[in-house]
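Everything below concerns the one structure shown next.
Naming follows writing order (A, B, C, D, E, F, G, H, I, J, K and L), and every chain is counted from residue 1.
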Amino acid sequence: MTVVKSTLPDAARQVVGDALQGTLVDLLGLSLIGKQAHWNIVGPRFRSIHLQIDEVVATARTYSDTVAERAATLGIPPDGRPETIATTCALQAPKHGGWIQDTEVVSLLIEALETVIAQLRERIDATDEADRVTQDLLIGLTAELEKHRWMFQAEDWPS
Amino acid sequence: MTVVKSTLPDAARQVVGDALQGTLVDLLGLSLIGKQAHWNIVGPRFRSIHLQIDEVVATARTYSDTVAERAATLGIPPDGRPETIATTCALQAPKHGGWIQDTEVVSLLIEALETVIAQLRERIDATDEADRVTQDLLIGLTAELEKHRWMFQAEDWPS
Amino acid sequence: MTVVKSTLPDAARQVVGDALQGTLVDLLGLSLIGKQAHWNIVGPRFRSIHLQIDEVVATARTYSDTVAERAATLGIPPDGRPETIATTCALQAPKHGGWIQDTEVVSLLIEALETVIAQLRERIDATDEADRVTQDLLIGLTAELEKHRWMFQAEDWPS
Amino acid sequence: MTVVKSTLPDAARQVVGDALQGTLVDLLGLSLIGKQAHWNIVGPRFRSIHLQIDEVVATARTYSDTVAERAATLGIPPDGRPETIATTCALQAPKHGGWIQDTEVVSLLIEALETVIAQLRERIDATDEADRVTQDLLIGLTAELEKHRWMFQAEDWPS
Amino acid sequence: MTVVKSTLPDAARQVVGDALQGTLVDLLGLSLIGKQAHWNIVGPRFRSIHLQIDEVVATARTYSDTVAERAATLGIPPDGRPETIATTCALQAPKHGGWIQDTEVVSLLIEALETVIAQLRERIDATDEADRVTQDLLIGLTAELEKHRWMFQAEDWPS
Amino acid sequence: MTVVKSTLPDAARQVVGDALQGTLVDLLGLSLIGKQAHWNIVGPRFRSIHLQIDEVVATARTYSDTVAERAATLGIPPDGRPETIATTCALQAPKHGGWIQDTEVVSLLIEALETVIAQLRERIDATDEADRVTQDLLIGLTAELEKHRWMFQAEDWPS
Amino acid sequence: MTVVKSTLPDAARQVVGDALQGTLVDLLGLSLIGKQAHWNIVGPRFRSIHLQIDEVVATARTYSDTVAERAATLGIPPDGRPETIATTCALQAPKHGGWIQDTEVVSLLIEALETVIAQLRERIDATDEADRVTQDLLIGLTAELEKHRWMFQAEDWPS
Amino acid sequence: MTVVKSTLPDAARQVVGDALQGTLVDLLGLSLIGKQAHWNIVGPRFRSIHLQIDEVVATARTYSDTVAERAATLGIPPDGRPETIATTCALQAPKHGGWIQDTEVVSLLIEALETVIAQLRERIDATDEADRVTQDLLIGLTAELEKHRWMFQAEDWPS
Amino acid sequence: MTVVKSTLPDAARQVVGDALQGTLVDLLGLSLIGKQAHWNIVGPRFRSIHLQIDEVVATARTYSDTVAERAATLGIPPDGRPETIATTCALQAPKHGGWIQDTEVVSLLIEALETVIAQLRERIDATDEADRVTQDLLIGLTAELEKHRWMFQAEDWPS
Amino acid sequence: MTVVKSTLPDAARQVVGDALQGTLVDLLGLSLIGKQAHWNIVGPRFRSIHLQIDEVVATARTYSDTVAERAATLGIPPDGRPETIATTCALQAPKHGGWIQDTEVVSLLIEALETVIAQLRERIDATDEADRVTQDLLIGLTAELEKHRWMFQAEDWPS
Amino acid sequence: MTVVKSTLPDAARQVVGDALQGTLVDLLGLSLIGKQAHWNIVGPRFRSIHLQIDEVVATARTYSDTVAERAATLGIPPDGRPETIATTCALQAPKHGGWIQDTEVVSLLIEALETVIAQLRERIDATDEADRVTQDLLIGLTAELEKHRWMFQAEDWPS
Amino acid sequence: MTVVKSTLPDAARQVVGDALQGTLVDLLGLSLIGKQAHWNIVGPRFRSIHLQIDEVVATARTYSDTVAERAATLGIPPDGRPETIATTCALQAPKHGGWIQDTEVVSLLIEALETVIAQLRERIDATDEADRVTQDLLIGLTAELEKHRWMFQAEDWPS
């Protein structure tokens, strides 16, 4: 059943749909992992990183809405159900629950951000022909996530 | 490893920890299911319910932070990882992805809210002896969710 | 006809319904009497008390909405029609229309607030078993009205 | 006892006093009936009309203050006590307490607004000679209420 | 030299010009006298009246701008020079400089407001034929000043 | 088909309808011409007049909404379609597209404002009997447009 | 006469000028048609769609300014005069004046938005070589209009 | 001399009075010690903890006002004079004036917060029978202070 | 009659009183002359200077309040009555009423500002011994007025 | 141990340090005594003075931070511990706890403000050679406290 | 030493690094030259252009931060030291210090903006393959600077 | 050519001009060096110091405008061109471009701030006779920079 008609031809719609659905799952996963770190971090840099993570989560939540509504706009129903995230999100959550040392949190965030960024750069290439509007959205998102990655990496340097 | 010491005795800490962890998973699940409906709803009442759901999601997100930080405050590391939500959340997500009729969305939300509320009322009783501060927090959350339930139920009446 | 189903058992619903309906009528009565005094006060303390009364009216109006929507939330249709206020509100309005001396206004407000507070303290006890969420709401309201009473009483002292 | 002297001659003061007192009672009645509908409405258009009614109540409350203070300004003590509303307000409240279907709410509001507007148009004529300042106030109020009436009437059209 | 052409015929322009120029001088005088009282008041009601006067001054300043720009709009250059105020303003300033008792301040303000209001009511009649736009402006100003007068008169009542 | 019933008798409704429809078209025309000048102005006073015109457009847009909704309120469907503006609006747009010298822009705006004001003064007279509420609205609009006209005329003076 | 020199070569300037002028006329037409629907809509979904249309109009007005100033920036005087809109805008206004049923309004908006979007996608391709800055602007506009289209289409589904 | 009459019976008033007076002194002491640390902290985490302490001080100041006014509300004059704080506050201020190392500041704050929290939990139990309104206030305060304690403790972990 | 006691010795009080009273009259005069120019200016720079003057008036009004309240603070009743301004203010108002060319307005403002500044520099010296607090206030005022003077002088340069 | 090096020579540092430490203790004492009066005042002027005191407390709190951080800036660790205030602050707190009549509150505040002002004027002289930056800060503080003193003294006049 | 790893391959990193470093120096130079003109401009258009330049400076400062942080994000340390600007910035500052006539300022700004824009268009092409995210940033910057150029050029037209 | 006449005699103007020009160059240099550190800092305290530096830059930018406009106000054209900064600013920029360790950034900022402060203290003395208004400005600036210095120095303490 196709409810909302797409303004894209079928082939383009398939490519763009994959890019958006993949990004949606990444962003929802990133926001959950970010919050997990926000709550469980311990160590002398607690306050500074506790606050910094919430800015990553804000980016992830805002863009997850933008990405999902872009999919719906193109006639592609987005799927952000808990099971979908758990089974299709490639991001590595902390293996065990419990407190996490502040230096580990920095590594965790850098790794998660690099995973998402790498996939986004592929999707930017993939959507070049298919839909420039979606591509533009992904470029804006990549810029923000790369900036977050820089900030975590700059403070991953030994004192 | 106990990093953050609790101000509660062990027995109380166990009871309160279960209540908060259960509530956290419910709220994270509710926010994901709410967003899924927010994006996939179709039908003549689209706009009205699309906006209304975001108010439920706002409540769920705000309180998930409050609940998780209350757990950390009591020396209980909260667990909101994607797998934990997928395996322990009792809420019923839509069985299939894709568009959802507006009337079905209303039923879906009523059912989800009633499930959370029923568990919260049990947790309010359970924490009465263990920690009044946590109990007060759960009471405030219940008041908000019950008000959301009323609003969806009031519009579930046939025209 | 029961339109909005209650999450409370019948007995509790009866107790809580009475407490909320009684409070609603008190608050609507208080806001009308407060405005009557706000408009008709004369005397050298006119401006100071004219402004102070509007803060009582703001509390009364805000909580009348909260209380009525809490009733609806529990499947109890609230009743705030003019006739219901006129026939069931126990507060004493000024016996005659017309200007009121500022010192009389202070007495009028103290008396009205004490009447509402006394009934609220009974309702807090009555709802303890029936519904802690409603009880919590009434506690918050009592705190605000008692503070207003203090302020009027503190200025009821002779110079 | 005349406390606040009027800047109007006696005859004009009588005419204007009647116009303002009648308008005050209409507005207080409208705000109570509006809130009654706001709380008790059920049906698929619940949310839309629930919000819309609060804009009517806001108009009624703001202007009831303006109207009552205009009366006081002219040396006419306004009377907004509960009994006065119950006995002199011509507006038709819902006959029975309890839930009200959304379509009935729309009819209820249209009827109430038309009653107030009809009386206001007579008062605008009546105050033309007596006090242009009061007349100007009533004209502004009429414009707002007529706009509310249009909006309810436009949605009273069958789908 | 006529720089800004008027949209009114000459006779109307004369009438309206007189009304606006007279009002301008009254408002500038009122704002200066109000400030004089604001700074020199003493007595137990100091703070309450000190604040209240500034609301009168705010009205006077805002409307002096509106009135002067209305005159300019109609091709009538407004005149608010210090000498013009000193020689043509009918308001009674305090005869001597120095501190003023709070009760005297109340009388001073009532008298000044009544003088302006009486002239405004004549100007409202005078502009009825000449320019309804100007008349409407004067009606709005009169409403505000009469409200200020009520408030001072209401507190001129003995305790 | 009469959907929204009017609160005015038929004759008055005709008069008021003509006044409002004519004003609507004038205001929509004024906002389009104003924007055309805002974009195409050149000359040393570019910045000052570029900004000033946007205040005229803001007035025109705000009042076009007020005027159209007043018509709908009275049961008169307003007509602001492109063709209606092009065929019934009396305002003179620039004859040719392209850049416009700043001094010409000032003349263009003065002429356009004077045309609208002259028609508004006739409509104020015409609606005096028919509907004072509409008349009051047109008076307020005239005051704003006349003020804009003064400001352009004041700067139309040679240096 | 070329007043503002272009930073683009002549061929590119021609292509970009056509794209921007066409978009300007589309957006001005869309804002006028949107307002016509905003004022004349009737039916049970009046309030919801009445508000929703104003968001489309806000997009159209904001971008019409951006598009026109981009043209001026490139040395191309934009043309938004009433006649230009009436003769060159391809959007279909309602054929007759008067009230419009809410379901028809939804269809009207979907059709208008789809017309603009289709032309924008062509212009995005056309400006790819000519001016990436203009292309970026058109991409951003398309994203917003496609989102509006989705929302109207999602509620065009039968209940 | 009893000036403000209490709404509580004498026994309850004694219990509640002790709880509120003790809390008031704790909060005033906490705000002074917090500021002392805010000004004298040195070390690499200066900025982060300097800012964090001010949030504790904000909580302490806001609640000291609430607690003192609750006492006054119940007819118990609160006592926050400097001597009273110096002689009855159990919190441990830094023994010597002068700069304090950042790690010591963290320990100082944890200790101070734990002292206040322990006493508050006793007062919550003590006021359960005596006055639920006061108890509710103390519960809210405890929740905030326990959250502050968590944050300092989480950063007391070695790097 | 000395009502408000001064914290200054008599000689200092005399010096400071003269400085403040003189400054008060200057500032009130400046605000009246500024407004006169604000309303009567004509010429191509109308808008730019019309706005600029209001910033001078804002400075003059704000500081007239500060200066007068500083006098009252020191036990010196300030005198800002219309007659006092007309007879003791040294500033030169326009000799005749009526429109003023924009270039003349610039000269008028420069002259008025220079007159006030010259007197302020003398008063800064005079109060050096008498009261540094008053001196500091006059220094701040001088800085603002000198900045206004620069801006008018910078645009007094021929094009 | 000298942690933060001073930019002042030793002699100047001693003088400035004494001035700042003394002022800090005065301001902390003033804020505590002010709050004590804010909470315990009774009498007909309760509301007016209750609000007025909070403005004094706001000044005292803001400047206590500025003063203490100025000391730290100069390498002088400020001392605001409870015992330091209790033993070195010269201000007279109320001798007994409990309610205070409104007229006594006014005297109490005048006396406290005069004590602080007298010491500040000495410190302004003392710091003239030592550090003009600190002197400037103390001048600004004196101006604010003297204004508060005037306001309390102006209302200490019998009615 | 490579501290922050790049997400770009080496060749792309070189290209993008050159584009960003060049843009950074241009923007810092533009902000300094803009301020120089903002302070030294004289002539009748002083105020209008004085304000207009600050909008250019705001764009330059905001984007210099964005551009520098984008470089850091890609592992390229940006260089904005004074010497670097003085030796590598191609923009032409005023040859001599001192006042600048308003018409010269307009020419100076147009020239500076055209220099930056020309280089930006080359960098947009250069980064097309290397990094679309950086390219998108440069496109947005170009759009803003071209708009500033239009505005200065439009007012460079003779009156 | 002297365009803007000075209100100071020539000798004073020379002294004040040197003080202001020197300060301007210092502040512009400080803002550039601060930004260089803001972008290139690495190490575990990255985020905390990255934010802190921007507060120094904000002070430097705000005061550079104030200082330059004070110079212009006194008829002294300020010189802030890139070459002027590069050749006359005494502050030490980082010798090499590239990343900077966080501890080095703290030293860099302390050194730069101390250089500016030392020169400012000399300029405060130098301007004492010449112009108290300028002196007051420099005192305020010194207070802010000394506070920034304290904060960096307080965190330069080993952990």
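In this text, contacts are C-beta pairs under 8 Å (C-beta built on N, C-alpha and C of every residue); 3 or more make two chains touch, one makes a residue touch a chain.
To keep track of the chains, here are their UniProt names: A, B, C, D, E, F, G, H, I, J, K, L = DNA starvation/stationary phase protection protein.
Computed from a prediction, not measured in an experiment: that's the story for all the values here.
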{"item": "Chain hops separating chain I from chain E, counting only touching neighbours", "value": "1"}
{"item": "Equivalent of B-H within the choices E-I, I-J or K-L, defined by over half of its residue contact pairs recurring", "value": "I-J"}
{"item": "Chain pair showing more contacts of the two, K-L and B-C", "value": "K-L"}
{"item": "Numbering shared by both copies at the chain J-chain I contact, with half separating same from different", "value": "different"}
{"item": "Between chain E and chain C, distance of the C-alpha-averaged centres to the nearest whole Å", "value": "42"}
{"item": "Whole-Å separation of chain centres (CA-atom averages), chain C against chain I", "value": "53"}
{"item": "Sequence positions of chain D contacting 2 or more other chains", "value": "3-4, 42, 45, 48, 69, 72, 136, 154, 157"}
{"item": "Pairwise chain contacts under the document criterion", "value": "A-B, A-G, A-H, A-K, A-L, B-C, B-D, B-G, B-H, C-D, C-E, C-H, C-J, D-E, D-F, D-G, E-F, E-I, E-J, F-G, F-I, F-K, G-K, H-J, H-L, I-J, I-K, I-L, J-L, K-L"}
{"item": "Chain B-touching residues of chain G, taken from the complex the two chains share", "value": "45, 48-49, 52, 151, 154-155, 157-159"}
{"item": "Interface residues, chain I side, partner chain F - complex", "value": "41-48, 50, 101-103"}
{"item": "Residue ranges of chain I in contact with chain E within the complex", "value": "1, 3-4, 28-29, 32-33, 35-36, 39-40, 42, 61, 64-65, 68-69, 71-72, 77-87, 89, 93-94, 97-99"}
{"item": "Complex contact set, residues of chain C against chain H", "value": "114, 117-118, 121, 124, 135-136, 139-140, 142-143, 146-147, 149-150, 153-154, 157"}
{"item": "Partner chain F, residues of chain E touching it in the complex", "value": "3-5, 7, 69-70, 72-74, 132-133, 136-137"}
